[in-house]
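Chain IDs A, B, C and D follow the sequence of writing; residue 1 opens each chain.
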Amino acid sequence: MSSIYFIALPLLFGFATPIFAKFGKNGIAYSSVLLQASLFLLSIQLFVTMDKSIIEVIAIAPPLGIALILDNVSIFFVMLFTFLVLMGSLYYLKLREKNPYQNEAKFFILINMLLASAIGLVLSSDIFNIYVFFEIAGISAYILSAYRKTPKALEAGLKYLITGAIASIFLVFAIALIYLHLGTLNLALISQGFTALESDIKLLISLFLLIGFGLKVEIFPLNFWVTDIYEGSDAFTDAFFSAVVVKAYLFVFFHIVYLFLPHKEFTLFLLYLGAVSMLIAEIVALRQTNLKRLFAYSSLGQVGLLFVAFSMQEAVSITAGLYILLAHSLAKMVIFLSLASLFEKYKKEDISLFKEMNSPFLRNIIIISMLSLLGIPLLAGFVGKFLLLKSIAFSGLFVLLGLLVLASLIESVYYFKIIGFMFSKEERGEKFSLSTLQRAVLLTLTLGIILIGIAPFLISDFIATASSVMIDVRSYQNLLLGAN
Amino acid sequence: MNIKRDISTTTLSSFTLSAFFVLTVLSILLQNIPQKLFSAGDSLLKLNSDQGVANAVTTVVVYFRGFDTLGEIAVLFIASFGIGLMLTSQTHGDKNKVKSNFMLQLGARLLFPIIILFGVYVMTFGHLSVGGGFQGGVIIASAVLLMFVSSNHFHLSHRVVEVLETFAGISYVMIGLIGLIVVDSFLGNFLPHNISQLGLLLSGGIVPIIYIIIGIKVGSEMSLIVQNMLQRSDND
Amino acid sequence: MIGLILLGTFIAVIVIAFVAITQPKLPDAIILSMGVGLAAVVLFVLFQAPDVALTEAVIGTGIGSLIYLMALKHLGEQK
Amino acid sequence: MIEGILEYLNQTEVIKTIVILGSMGLFFVGLFGLLSQRHIIKVFISIGIMEIAVFILFIGLSFQKGLTAPMLGDAHTSFVQMNDPIPHAMILTAIVIGMAVLALGISFAIEYYKLTGKNRLDQMNEMKH
């Protein structure tokens, strides 16, 4: 089996939509879900049968051509993304019946393109190819956020598009400088040649890469626009932004950092950037009343935490980072998907929605997800946070430790505020229950959170291998360059 | 007076900020002018000789880095239907349209086939000379634009464009997958190609075929974009 | 000769771009931004990149200005 | 005198310096426009100028004086002494992508203006509390 299918088949699906449209609106919806389910099964099968990294050559062998690399860490992301997108699509099958989008056929194309580009970002080993997938992901995300064509949505799409265009200019600039000074686009060759460059040029390239990717990975101070996007877009779309797109950008960013810029000064800078980012996001989140905006700030905080975890550049902290990433993706998927249904039902996006809400099922799973984000023991978020704090404490970075604990405390304030709202003794409306399929989706995701929390040893080997592969630059180079 | 002062502070601060940024970048760039080094491009030029394609940029775009081009086509595809999504109009009347004069209509009708011919030429000879699918496709779209501007009744058949677009998109990926099966690499050149055929219209294996497919795809996407943009203007 | 032509074109393109940006009248700004694209085409030809020049001429300058003009028709003047 | 200047300008290093100065000047104009202008069309024009500046910088610095365009012609029958084709291919891709994003942005802006009557970035405040 080959990893190219993860990119080629969604693209093929997108191009071939007019054919599927012949079978009516359901034709597209069901064939899209079928495609995603088969991709998920394919990723499982690849994972089970994979005994070493698979390198997939496109047209000509690297370093001249483009190759897709499927190793232990990228299979983790491929499985995660296909799973989340499948869950989202299944949820949407029922959601769309209550709120028909104008052209829902196109919605499935966008989701598939998003999936293809997120996987492409993770697998690609060529920096210009990464730029192309960066643009595909970007352009599908712009359209998704403007999809409803309300003033808010259009404003969000427009702001997203302008920041994205600026980010891509800086990314092209960085790629141009890399090519001019190293004469190659292959990640492994760049990483070998990068240390020999003049320090000025290195600084410039890393600055441009930081601006280009920083605008996309939602890191302080380049994240001023993010909350507007989350608020303007649909809650259902936010689930994909928060759980899939940002995670793909984060992986690529840190992959590039490990390959090109493993300098202590630079990563220390990223470390404190992440901590400050988290602290600021959590403080600002306290005052928010709009739910989408509030959870957007919570996402920013978690991205800060992930920045801290990945910038430590140790296998333990990267393991912690992968756990946090997994837990955050699952929890945010649950929260935003349930919010999508709740907004639909109660026609308001304010925090007081939780006072009116009358659905024990939704209340319980949202509480579980929030507690997991907070890092309560026996839930998925705890494992990562615990490992991270432990590794920070071992490194002796006590200021950082203090910052993170402070941020977590602030985080807990607004989560418990929400939980308080949920249990307030106010007049509640009629009982609201979801369809079976939606319940099943949310339940699967929540069970994932609980299962990882109770029994992290089930996946600990896999994640530990993944993190050691992620930081192992030498074997990545050998894999990529030894192929010809 | 007050407003004027406000404008000048914005201008001044943005001027200073961008000047500072650009000067920093400039000083670094000027101190490190890149020297000519042996790059991946030179190796690709050497490999080019056994492709039977005269234009090395075409080989790089379509074959060596064909995966980028597939992504680029996807970007164009998504953008085109995003624009369609945004600008689809409910009414189709042309009430406010100014009637174009006779000379413009005649000129457009005369020019239309010539521009289409030129577009097809640029598209099909992309592997032998300057040009290719992207440029040829856009030239064809510009012919469509000319007809839109000049004629009141010109309307692209959505169905035909859709069929062309779908056909082109599917066959691009399919050629890639056939390459995966036949020569064991996605978008691999599975048709016979060597330098002795150079100059023939069908030299270079899959290269001209893919570029023509790209041309069809780009031409139909661009025509759709043009139509969406112009139709919007008819309706308000 | 190429050095002098380059210098001249670069000065021209910067001046055109600056006028385009600071121009209060939008139609003029759009026409001038077309000028920037055309100057870029000249530069690409000088740099022996005919493919890029053709693409920039057709896509960047051609379709790009069409899109700006459409936008102008709908978005209205600067206030 | 004039010949001296011409010869000076034709040196490879000087050409590269001119390219860097010129394209960064253009980049400065674009960045300045992006920061100072608020009308949506002006913002897109500024972004376009910045893009073109980067493209010119890349193509210009990868260009070697005396080498030909990377294609066979009447006088060239083999692939030697040619400019690097990869930057050309990359910029070709980037131009098309840039145009697609621009067209999409304009279509958002048109639709937004139709709904709200706002066409300046600083007026866009649907989400301010």
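By our rule, contacts are C-beta pairs under 8 Å (C-beta built on N, C-alpha and C of every residue); 3 or more make two chains touch, one makes a residue touch a chain.
Treat the numbers as computed from the prediction; the structure is a model and nothing was measured.
Interface comparison, B-C versus C-D: the pair with the greater number of contacting C-beta pairs is C-D. Centroids of chain B and chain C (each the mean of its C-alpha atoms) stand 18 Å apart. Annotation: 38 Å between the Cα-based centres of chain A and chain C. Mean C-alpha positions place chain C and chain D at a centre distance of 9 Å.
If you average the Cα atoms of chain A and of chain B, the two centres end up 31 Å apart. Shown for chain A are the residues that touch two or more other chains, namely 128, 132, 135, 139, 142-143, 146, 149, 179-180, 185.
Along chain D, residues 21, 25, 32, 34, 36, 40, 55, 61-62, 71, 86-88, 90, 92-93, 96-98, 100-104, 108-111, 114 each make contact with two or more other chains.
Within chain B, residues 25, 29, 34, 39-41, 44, 55, 57, 65, 68, 72, 75, 78-79, 82, 86, 130, 134, 225, 229, 232, 236 each touch two or more of the remaining chains. In terms of which chains touch, the assembly is arranged in some other way, matching none of the line, ring, star or all-to-all patterns. Every pair of chains meeting the touch criterion is listed here: A-B, A-D, B-C, B-D, C-D.
The part of chain A that touches chain B in the complex is made up of residues 2, 4, 8, 11-12, 14-19, 56-60, 63-66, 102-103, 106, 109-110, 113, 116-117, 120, 128-129, 132-133, 135-136, 139-140, 142-143, 146-147, 149, 179-186, 198, 200-201, 203-204. Across the interface of their complex, chain B is touched by residues 13, 16-17, 20-21, 24-25, 27-28, 31-32, 34-36, 61-62, 64, 70-73, 78-80, 82, 84-90, 92-93, 96-97, 100-101, 103-104, 107-108, 110-111, 114 of chain D. Of all residues in chain D, those touching chain C in their complex are 5-6, 8-11, 14-15, 18-19, 21-23, 25-26, 29-30, 32-33, 36-37, 39-42, 44-46, 48-49, 52, 55-56, 59-60, 63, 65, 67-69, 71, 83, 87-88, 91-92, 95-96, 98-99, 102-103, 106, 109-110, 113-114, 119-120. Across the complex, chain C meets chain D through its residues 1-4, 6-7, 9-11, 13-14, 17-18, 20-22, 26, 29-30, 33, 36-37, 40, 43-44, 47-52, 55-56, 59-60, 63-64, 67-68, 70-72, 74-76, 78-79. On the chain D side of its complex with chain A, the touching residues are 34, 40, 43, 47, 50-51, 54-55, 57-58, 61-62, 86-87, 90, 93-94, 97-98, 100-102, 104-105, 108-109, 111-112, 115-116, 121, 124, 126-127, 129.
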